């Protein structure tokens, strides 16, 4: 299963990068979101999935899924969320000031 | 004493929250920030002194022993950089009120500043790979907030690119952590070093290490990953540019130093020789960029890149003296880049333009600014007896000992071109007939010059007083090279 | 015994859920799809969750308030959601399927 | 005996249900991607959410844990909020009514 | 001694304070005693029984960098020149520079230079030497740019700095290599190990690096081009730096390392070749000049070439002659510069086409000039010191022996070049004197009416000319007390040589005579030759090369930078991704890191596969989406799908968080993108599209290969068991993930919240600042 | 109704306070005591006893709502598998007597859950609801159907 998940995470990366290479702000941000999903998935995948119960202590269970990557992903998800939120607002403001959502039209060599 | 080790990270965070709450009266926020940063500086200075005297302090957060909890490692290297950070930060805090609009100050410059300091200090001190990611995000988030401060058109445009690049490298960071955890089952740096040593960094680890290198290299602005840097450092407010120029790329370089002297040291023939090539190109292309523009701020910004090349050079050479050179250069470059950005900010305000072709004769009205800029340029180019010189000797010596003649020649050539790029500003901007439209705010310009003066003074001290500093750097580089001190300090039972 | 009840509940739930989705795919326009979504899917999930509730009660002896609350919540919110979407769809001028016979709303509020 | 049969039966039922719900989600994804209109996508997405709740319910039975109940409840709440938000957005273009509008 | 070296520097810092009184007393008077005192200080060492001295102060002992000063004959000679001529120059400048100018700056630079130059010639530590060396370049830069409102001054200043600092950096590499090879940073220590150095595999590098340093500083062809432009400096500066002292630093360096280098075939070839070419070229160019200072500048270049060549010959007589000529050149060239300055000062022009017949107006200056120019020309008269060293030069040029094709050819050419160069030297010397002071006067053409300079202004050139004469008349005194010691130091042993006016009818004498005769004929028939002087340089001019390089450095760097710094996010990303992919893949292959030996993997269930497929298809669908709401919702599908995976993989906490985050993210997406344009069809070219596809697929593949290999290369147990064992016991909770988050890794969580806090601040800031900015 | 619930809760809390035990069982005991007290005092209260109303709500929910839900679902499911959809969808206007907006919301929700109908919009004057039906052979019959079941039940609960 891990192999399939790795493939999935890679697909998320590929599609994310493809979107990232586009011109429109929305696609670019979608790209970053996909990439971050991919990254989180990698973290999950790399910790032997499905070995044992959820990492919640129960009396008669002795084998648990590795809880550490889950904690790490949790942190990463929240952080990605913060960054994505910021990026969204930034995209909006960038659009309103630059009057375009096309990154190729925002090459720019003026520095205000 | 051990618990004090958390304070350089936690206190700025606290200060950030307080500064965010104090938005009603900007004067109070300003005063609070100034006092706080001075207090931090004194505290960190004391802590650094203690660590230099008594050796590494390791805090195991929450009392959980490494590698299970997060270790905060106050080794001499980390505390040295934290100290430098606080010095530059304090200078920036006193510089800020003169260049920021009151609204920018009110809308969280100070809070974001303290957050940045917390992130930077945390990145320097953490002993945990994933925690390093978290601190990277903290400092990046603060930098995102700072870079958009002011909301200019070009500013937002470049900020967007800046955020994307960093976001991408952050994601790559997570993936590297995932890979590393898959192979080694741990994220503690010291534990990683220990475990990887036992398997002698087999092939896949080297590849993963390279990805991690690129993660840091994007932030450090190593060739060919620095494209985002020049424009995004030019657009923000001068004080923000100064903080970025002095601190941000350095965190990347620090991370490369840390990881590539502690963990991935078993395939140096492959990894470190790649670094040498990259270092060479970084120096060359950086300085070529600096020569390509008439925008004075951009010139200084581009000059960040060859400096990164120098530091990478030391890592690539991987000998104790070359590492010492990198560390010395790192510390020196933080100080001098801060100073240069402060001074360039003052110059731009004084001249009312960033275009070198439109300014001349500034020194006639602002001699202090001119001369300090002149000295700073010499320091940057590594002219003795200033701080850049010491790092440069060590690096060149390392390069020559390893018979990397091409590298040495490129390094020297880029030093020369750095000097050329800076002297063009001096010769065509400061010298010449007194220009029209030079600012009359002599008092403000003088105030803007002072932080630069202080930092340049420090850089001069780091050169002339090198004997007071160098033995520390030497012992740091030996510790880095030997690795055992770090590992045993963190993993002690 | 309990297992069999639970099994039946989840099988029925799954059946409804699946059918709802099939409806969403097959039905010709947004309103018809909404019928499928609001009814079959909602009932289906309620069935499955009820199964889970019963299973938890008898298998590990936990009466899960959250689960009950969840079931209620789905039931209560499904029609509201559907209403909101249909209103939005209509107001934003989504085309009705050609077979639509009457449209009194169109007559009353020509847009 | 009955117990054993029950357990086996439950296992099979779970398996069938997992597959069924998953297939159902696949159908919905098709609709989400295909559209053709945004309300269609919103419906499909909402239904995906509902199906997800079912899936989580199944997993809860599968693992015999009550820890997933939070997920179920929260899914329900978020789904509702999300759908309302999307619907309002589709209708007016803004999710949160601004004062000056 | 240390005080003597640093006194000017200390004073330099005080000068700005002193210059507050500048309107009452000329600043120069206040500071004049210092160089004189230094001169006297060094003068006390002069004598037949001089013994080398060593003083040392630690600077950075850890790096073996010290301020150690070694006073031997060579240093003493230079120290005397620096302080002696320095005194005269300061005196001269008092009359030359108007007290309304920024004298504080002028003297500050000059005194910094004085310390730097003393440091160069006295340092024993190579790094100390290097530090002072760079400071001579910097202070020279400042002095050349003293009148920085002039474009030419700025141009000249930058040029001199670039070229000399370039040489400085090269020198740095050389001395580092030297210190690596010898393990010492002391020059004396290195001299003791000259065999080690010469036999080291690094020797060619050392040589090249040192030569570059010396050649640039001493204006050797083709690095001489900065010197003529340095004439933009005030004339006292030219007299001091660009004739007597700084330009001799390169000579000094070669002389200093002569005990190591002399006699080495490559050294012989390089120094004599470059020296003679410089001599010839410089003197040839000097003839073409019309500016007095231009003539002197090229003259200096050619004289430096001559000294360099003699250092290259490396024979006893050559080295002696070199040292002797250093002294002689300083005297006559210094005086000539000062007189040129006087002429400029009193007539307002330095153009020999306008000047002429000034003898009647400025008799004293003219008289002084006679001695200077004739000494420079090497006219065989017993009271002109220039002749002595010139004849020794001829003698030395004949004495060379060498083996190897190049060296042998060189040996035969050397005397010819020596004579040719000297002929030109003779000619321009004549120009210099006769065109200025004799002939028809064109007073009406001049900006000022010429008259004799104030007496005190004539004192410095007078003293120097006196030096010319005294050395010429009493060479032995100077020889025994000073020159011999210097020559010893250069030779690295006893280099005793007697100085006589008359050696008999030796070849050198014939050469001198030939120079005078041919030179005189050529000067007298000058109009016929003028064409010749215009032929050579033309396009060849090294200046053009420099200008071309500086301009190219700008335009080429602009072009290079513009090719990749396009501001296009896509291009940056493409470059970045390509770099990462190529290098990492390379490393992966090189280290044979690919590992597809399947480790134990978890079982596969249909649901998981289907959910995976659905996430993948949704992800791929984002590429084809043509509608902004659609793409947002499809991203939502990916996110919710991930939440399902988290449930399936026993991560309830993750699923919860993912759900909340996904919902809020989708909402935010909607909020922010409502006002933005809808998605457009990708109209980019086929090439762009395929590049995008290749890069994204390649990067994904790389991630996948590494991921699978990493998974299969698991080498250790994870640290997870500790958390499982201790969650309840130590952490006091039963949800391991929660316990890890809030306890084991509490710092992560604290700063994760800090990131959100920062995001909130940034967002609020962005919105608030916009509102406050008003509605523009 | 709200005031009764609050009173009941207050009684429960008072009970917990008096018995100095803040556990769930104590709360339940207190709550039951509160119900008892409210029942005794019901004639002094402005509204009908709220337990009665709760019962009616329960009835509305369980018996009508669930029943209709199941029926409509079966209907839909049947349609979903039909190879060819031969339905006549349409939108009709349903006049309502209900006044308050939450009543209308409830009604429109219930309409959405009934077989074959789905509320699309509420008229601006809140006098009628526009309903989409999947198969609309006879508008009048549909209107009467809804009025007879849901509107009545809602009025029973609220009035």
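By letter and in written order, the chains are A, B, C, D, E and F; residue numbering begins at 1 in each of them.
Note that in this section contacts are C-beta pairs under 8 Å (C-beta built on N, C-alpha and C of every residue); 3 or more make two chains touch, one makes a residue touch a chain.
The chain lineup, named per UniProt: A = Multicomponent Na+:H+ antiporter subunit C; B = Multicomponent Na+:H+ antiporter subunit D; C = Multicomponent Na+:H+ antiporter subunit G; D = Multicomponent Na+:H+ antiporter subunit F; E = Multicomponent Na+:H+ antiporter subunit A; F = Multicomponent Na+:H+ antiporter subunit E.
If you're wondering where the values come from, they're calculated on a predicted model, not measured in any experiment.
Engineer: Return the chains shared as contacts by chain B and chain C, ordered by label.
Structural biologist: none
Engineer: Looking at CA centres, what chain is most distant from chain B?
Structural biologist: Taking each chain's C-alpha mean as its centre, the farthest from chain B is F.
Engineer: Measuring between mean CA coordinates, which chain is farthest from chain E?
Structural biologist: Of all the other chains, the one whose centre lies farthest from chain E is F.
Engineer: More contacting C-beta pairs: C-D or A-E?
Structural biologist: When C-D is set beside A-E, the one with more contacts is A-E.
Engineer: Express in whole angstrom the distance between the two chain centres, defined as the mean CA positions of chain E and chain F.
Structural biologist: 88
Engineer: Need the CA-centroid distance for the pair chain A / chain B, whole Å please.
Structural biologist: Centre separation, chain A to chain B: 27 Å.
Engineer: So the centre of each chain is just the mean of its C-alpha atoms; given that, what is the distance between chain B and chain D in Å?
Structural biologist: 48
Engineer: Mind checking the centre-to-centre distance between chain A and chain C? Centres are C-alpha means, answer in whole Å.
Structural biologist: A distance of 30 Å separates the two centres.
Engineer: If a residue has to touch 2 or more other chains to count, which residues of chain E qualify?
Structural biologist: Within chain E, residues 567, 569, 573, 650, 652, 671, 703, 707, 710-711, 718-720, 723, 735, 744-745, 748, 752, 755, 758-759, 762, 766, 770 contact more than one other chain.
Engineer: Can you list the chain C residues in contact with two or more other chains?
Structural biologist: In chain C, 15, 20, 22, 34, 42, 44, 78, 80, 86-87, 91 touch at least two other chains.
Engineer: Can you list the chain F residues in contact with two or more other chains?
Structural biologist: none
Engineer: What residues of chain D sit close enough to touch chain E in their complex?
Structural biologist: 15, 18-19, 21-23, 25-26, 29, 32-33, 35, 38, 41-42, 45, 48-49, 52, 55-56, 59, 63, 65, 67-68, 70-71, 74-75, 78-79, 81-82, 85-86, 89-90, 93-96
Engineer: Sort out for me which residues of chain C touch chain F in the complex.
Structural biologist: Touch list, chain C to chain F: 15-16, 19-20, 22-23, 26-29, 31-32, 34-36, 38-40, 42-44, 75-76, 78-80, 82-83, 86-87, 90-91, 96-97, 99-106, 108.
Engineer: Note which residues of chain F are touching chain C in the complex, please.
Structural biologist: Chain F residues touching chain C: 65, 69-70, 72-73, 75-77, 79-81, 85, 87-93, 105, 108-113, 115-116, 118-121, 123, 130, 132, 134, 136, 139.
Engineer: If we count contacts the way the header does, which residues on chain C are in touch with chain D in the complex?
Structural biologist: The contact residues of chain C facing chain D are 1-4, 6-8, 10-11, 13-15, 17-18, 20-22, 24-25, 30, 33-34, 37, 41-42, 44-45, 48-49, 51-52, 55-56, 59-60, 62, 64, 66-67, 69-70, 73-74, 77-78, 80-81, 84-89, 91-92, 94-95.
Engineer: Touching residues of chain E toward chain B in the complex: what are they?
Structural biologist: 58-63, 65, 127, 130-131, 134, 138, 141, 145, 148-149, 154, 157-158, 161-162, 165-166, 169-170, 172-173, 176-177, 179-180, 202, 205, 553-554, 556-558, 560-562, 564-565, 567, 569, 571-573, 575-576, 579-580, 583-584, 587-588, 590-595, 703, 706-707, 709-711, 713-720, 722-723, 726, 730, 743-748, 750-752, 754-755, 757-759, 761-762, 764-766, 768-770, 772-773
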